[in-house]
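Once you scroll down, you'll see the structures, which are given as structure tokens.
Two complexes, one shared chain (chain A), two partners (chain B, chain C).
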Partner chain A sequence: MLPLSSCCRHATRSLLAISDSNAICTGLPALRTQVRNYAKARPGVAKPSSHGFSKVQKKGKGGELEGTDQVAATKRKRYTAFLPMPVAQLTHPLFETDQRNGQLQLQNFHPEILTDAVTSQALAFPQNDKDPFRIFGLPRNLLVEYRILSKPCSVIRDVTIDVINKLDAASLEGSANHRLVVAGSPGCGKSVLLLQALQYSYMRDWIVLYFPRAINLVNSTTSYTYDPRTLTYTQPVFAYQTLERLLTVNGPRLEHLRTQASVEVERRGTVPAGTTLVDLVKVGTKEQALAPTVLAAVLSELGEQTTFPVLLAIDDFQAIYCKTKYRDPHYSRIQPYHLSMPRLLLEYASGLRRFARGAVVGALSSTDTTFKLPLELAEALGLPPTSSGPYAKRVPELQDYAKGLSRVSVPDALTVSEATELFDVWARDRAIPAVPNDELFLAKYSESGGNARDFIWKGLLSTLTL
Partner chain B sequence: MVHVLGVALPDLQLARLALTNFYGIGHKTAQRLCARLQIHDRCKIRDLTAQQITELASFLASPSTVSPLRRMPLASPTFQPPPASTPIEMLRKRVAELSKPTGAEPLRNLKIEAEGRRVVRENIAHQRMIGSYVGKRHAMGLPVRGQNTQSNAKTAKKLNRVNRFG
Partner chain C sequence: MATVGLKAFELFASRLSCRPPRLHVLALRSLTTTAATTPPPPNSRFVPPASLETMDEAQLEGDGFDVDRRSRRPRPESRRPVPPSPAFYTARSLYYDTLVQLQSALSLSRRALRAQHLLPLPPFALRALPPAQPAWANKAEMSLILQAPLTARMYKRVVMLLRELDQYERIARVADATELEDAITDITKGFESKKGIQARDTRIRAREVKERGPLDRYGRSYTVGRRKTSAARVWMIEVQKPKDSTSEPVANTTSILSSSNATTPPPPTSTVLINSVPISNYFPLPADREGVLRPLKLAGLLGAFNVFALVRGGGTSGQSGAIALAVAKGCVAHVPEVEPILKKAKLLRRDPRMVERKKTGLAKARKRYTWVKR
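The block that comes next holds the complex of A and B.
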């Protein structure tokens, strides 16, 4: 049996590593690997928890119990230093962390059941080896949230059904007319909506490519080199990682697809027409320097085929429209369309490149203040700009890249039924420190104004009421 | 642990911070150097390729004799790249034709290590030679810039001399 402190250390390490690990996990979330032995509750001793006065009285043998109480009291008084109780003595259900999964019984998220009847219900996301969340990663705040909950789940809202209907329409038409941007106030549920769309498309046999933190493309955290052929700065390591993840999640579907034209690759000759897309991807994963060319080729092949619709999902969508933190040799900041990865995403987002069947969905984020919503994107989406005035400059290239994007507005506040369901999920998971009653719910709902993030994090989890 | 021009750069340190271990390179110069050599902000010394380390060493050995930096052409949104089978010499030639010359480069005048120390030594020697107040104060080993001497002149008394840095 592992001591408690080392269990916590292992839990935090896996918390940080999940989105970076390319290796397929064992199929069990890290928190489930604790197996603990519990001591049996000893009879005849009044527990320090809330059993109360009545139980002591019920024992009946007043004199003896008083005696033992007195003895216990005197024993406690004799201790001069604090001695922590052994872990096995923690018999309260609150400490039984390895048995939490039985508590939360939720229906599984399945495309067949997603209709208006299911709105305001929480559905659990499925967990398996090649799940898009596990392989592509998650936005940081959602990663933390899904680690705290015993199962990753989300509440289905009206806007979820809207987006799903749009994705159904997009599966028949191309991505040229289906470029959606999810917008709303901070903490209203944009990233979760994107995850629901991602999970829906994956289960509907789409090919999915998800960028959970598009900020990592532009914040100077990955290598870059000037390429004299494309006249841009390529990002070989990020392209290589994207190819690996695409292959892991969509491998079986890519096996069915073959290249329509031959693909030229630097220094390795030509990949002939008719090779499977899996083999084409492997050409890029064998040598990192070839990854950007191969990624572009794979995406253009996916754009031409009509067997599977393709979803390109980007969180932190506004980051690819901001000036990057990368610097050129003259120390001026590089524009996003001069870097290979953001340029690729911008081309699909603007309709310059398209998928014959599929959609591009982006979600804005206001978490990182170094990459705020830029003026060009705000004007294209009809949102109030963060910086404006008669002298505010607009980059014409970015204005062109932002044309034709359609906005999906997420309501600022959860409805009462949605908030009730969310409250129920956290209460059944025993995550709320207070007693989960109507009073607490209404108090926190009003304090947060219905905002989902504030309701959970600043309301329920931070409450000091008992 | 990489050794560049006699200075050890720890493997686990960020490159743009490790470069400040050179005498004459501070944070701003280090960032400019990293931009010049296309080293990203979160790159550690152990992530640098052998080619990048060689470029760094050759640049720092004599920054003033490096070939002038040219502004490379960058793709417009509608640019279609030539096929991947195009020979690299042809691409480089085309880029060289399209590139434009730049003006002043701050890194050209970079003086590090021995050269940097020599500059300081020469400046102090010049002040002494012309018989200025600054030179006299260096010779006496007292504060130069008008600080108090009634108390608190410890650093000046320890370090100030005409032949500073040996």
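The block that comes next holds the complex of A and C.
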């Protein structure tokens, strides 16, 4: 059950107060309705956890998903994503820990070396404190994969070079004509391609905003409140988290930018023109209720400036075009364009809002079957629709939001050289349970038909051959 | 020693007449005639003691081969007729005579082979002999040959002896002992019939066709496999090697798979399509996928053939098993040398297990209803 929004609660109480006072004035007996006191989050309470250290909840903040290890550890307990033991704890000689550390020597992913000569090569993603992967997070299956491997890496393919060329073109033009959607069969490498594009643009001094699991915007896991000013449902917590992450990753670049126009913020007055974007973001992070407005303002400011190109990367792109799991007071499902965060993303994806320099890149995902590729998006991209027929309904608003999207098709199968490189990475990292010989490679490549996810997960990691 | 044995055997073999009926007809005739003076034909061997007195010494010595020296006694002057064979009173004399003759032939040929150190052969040598291709007469024809109604047991006795003789003949053939081989052939060819020869030729032709594994004009094999209620038809064709080695973009990293630092072309890979769908889409379970490709893996033919299968009936693992059997047969069709490997791995055997029927009085095939004490 979703909690009642704070404004609704206040409204009820004020109504009751008014009615009571009216009753007293007119001499009628006062309304004796129940006033319910909902439990409030008590800040500053330290809950003892089994790890022996306490997690202190800061007031008003939701905590980053991939932030400190302490927070991450307790969060992981709940989310049950695979977490391997640290290599240093494997002291038994059977684990051959001394031979594990220096095995995987890969070149670093750097924009300068990304040319056709480097296709079918694996490059390691850099790992720092403010890395977009750490801060924004990763799709769940890729998170588990990078936990099994010793370091996050990926194989450069021809599509990678295509997308990078398109991003280079987009850095000069705007996002109006550079709205890409990465599509392909399940498990072919769409999310990884998006990660490569993200890393590339981050290293090229773009301002990046990445939504690794856009499904969390629409599956009713984050709080929502009705905003009578915009007549939409805002998602303050998610907006607040997005602002925090944007600030952490792009802080130094946002320092250089200043607002062109004053920004009106409800109940806090206006933020004058000329303030740094960092300060504007901090206005939103101080109070969750203001976060949606501030986020929209920050993005529009970023859209107008031309100092840095902006990348808006969205995984699970099809989820923002599906009917959400949120319910309105009539218990009907809310459309995505009636929620603040999906609406914002839809507006940038459709070109209604644009970045003067930059691009919008989305990646489809078929993992979650409750948010399948909708008909409107499938038709706009030229993909075979999942549901069709003469009686299939199309929502005109979503059709408008899907206009002008261009498709980037990822090939269904890895080429043999790409698969060889991938196999090599896993073999050198000692992550394959079987003996890594050419028989295993050929067998698993044939069984998976070249599909990357099947090759690794159902092939190399699921095999019972020794 | 060997020559003595051979010579004796040859003589003995020449004694074995190819037309026993005539001999015994004459013998019978001789028995039925009242003329006491007609001597028994020179080829008869057994002379009852009572008749010995009637025969001359010269006649006895003229045989040249004495079966029973001890029975040489002065012949009485009685005129009792001599049964032509010791088995005369069995009413199946030719049959028993033939058995005795075949057993003697066996022991003689055994002796001859042993003298040439060809017996006893070690098991690997026995297995390496050319296969037996018998053309024996069937029971009815053998009854005609041996002039006696044969039961199955009687027929089997004859055939067992003939088989052993045939084995010795094959050993002699392989060892280039032509005289012995011809001698045994002389004996055994009397027991072959036209029908048997025809049947043998058909069998040989069928086996050749089966061994060759017909490939059609495009070089595709077509094989069928079945498992439970699934049936699969599989076409396998060789992967075309790219003529231009520089066509594919080559990885220039040193990897575990590449043998040298030089840029090598990527290896060919097998594509498997099942009902026109790639195997990764058709079989989501890794076990089913591995089962389909197991014959290629064991035979070392991964990347050598592309597989196209049409499968129908049953469930996922049944269909996977059917395709695996058909793929194994296809491998044998293309590369007959891998047959022993796949046979050892039991991949060429059609799994005979089917769903067991439900029985009356039981809840399912084996499950019983709950036992109630009262």
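Definition applied: the second predicted complex is superposed on the first by the 367 of 466 C-alpha atoms of A that agree within 3 Å, B and C clash if a C-alpha of one lies under 4 Å from a C-alpha of the other, contacts with A are read in each partner's own complex, and residues count from 1 in each chain.
The rule we apply is simple: contacts are C-beta pairs under 8 Å (C-beta built on N, C-alpha and C of every residue); 3 or more make two chains touch, one makes a residue touch a chain.
Computed from a prediction, not measured in an experiment: that's the story for all the values here.
Of the two partner chains placed around the shared chain by superposition, neither chain B nor chain C is touched by A:304. Applying the stated contact rule after C-alpha superposition, one finds that A:129 touches neither chain B nor chain C. Once the two complexes are overlaid on the shared chain, A:205 sits clear of chain B and of chain C alike. In the superposed model, A:428 makes contact with chain C only, not with chain B. By the touch criterion defined above, A:255 reaches neither chain B nor chain C. Applying the stated contact rule after C-alpha superposition, one finds that A:279 touches neither chain B nor chain C.
Contact with chain C, but none with chain B, is seen for A:458 once the two complexes are overlaid on the shared chain.
In the superposition on chain A, the residues of chain A contacted by chain B and by chain C do not overlap at all. Residues of chain C that touch chain A in their complex: 248-251, 253, 255-258, 266-267, 269-272, 278-281, 284, 286-287, 289-290, 292-293, 296-297, 300, 302-303. Residue ranges of chain B in contact with chain A, taken from their complex: 31-32, 34-36, 38, 40-43, 47, 69, 71-77, 79, 81-86, 88, 91-92, 94-95, 102.
Within the complex formed with chain C, the residues of chain A that make contact are 119-121, 415-417, 420-421, 423-424, 427-428, 436, 438-439, 441-443, 445-449, 451, 454, 458-459, 462-465. On the chain A side of its complex with chain B, the touching residues are 219-226, 228-233, 264-266, 269-270, 293, 325-331, 335, 337-338, 343, 352, 397, 400-401.
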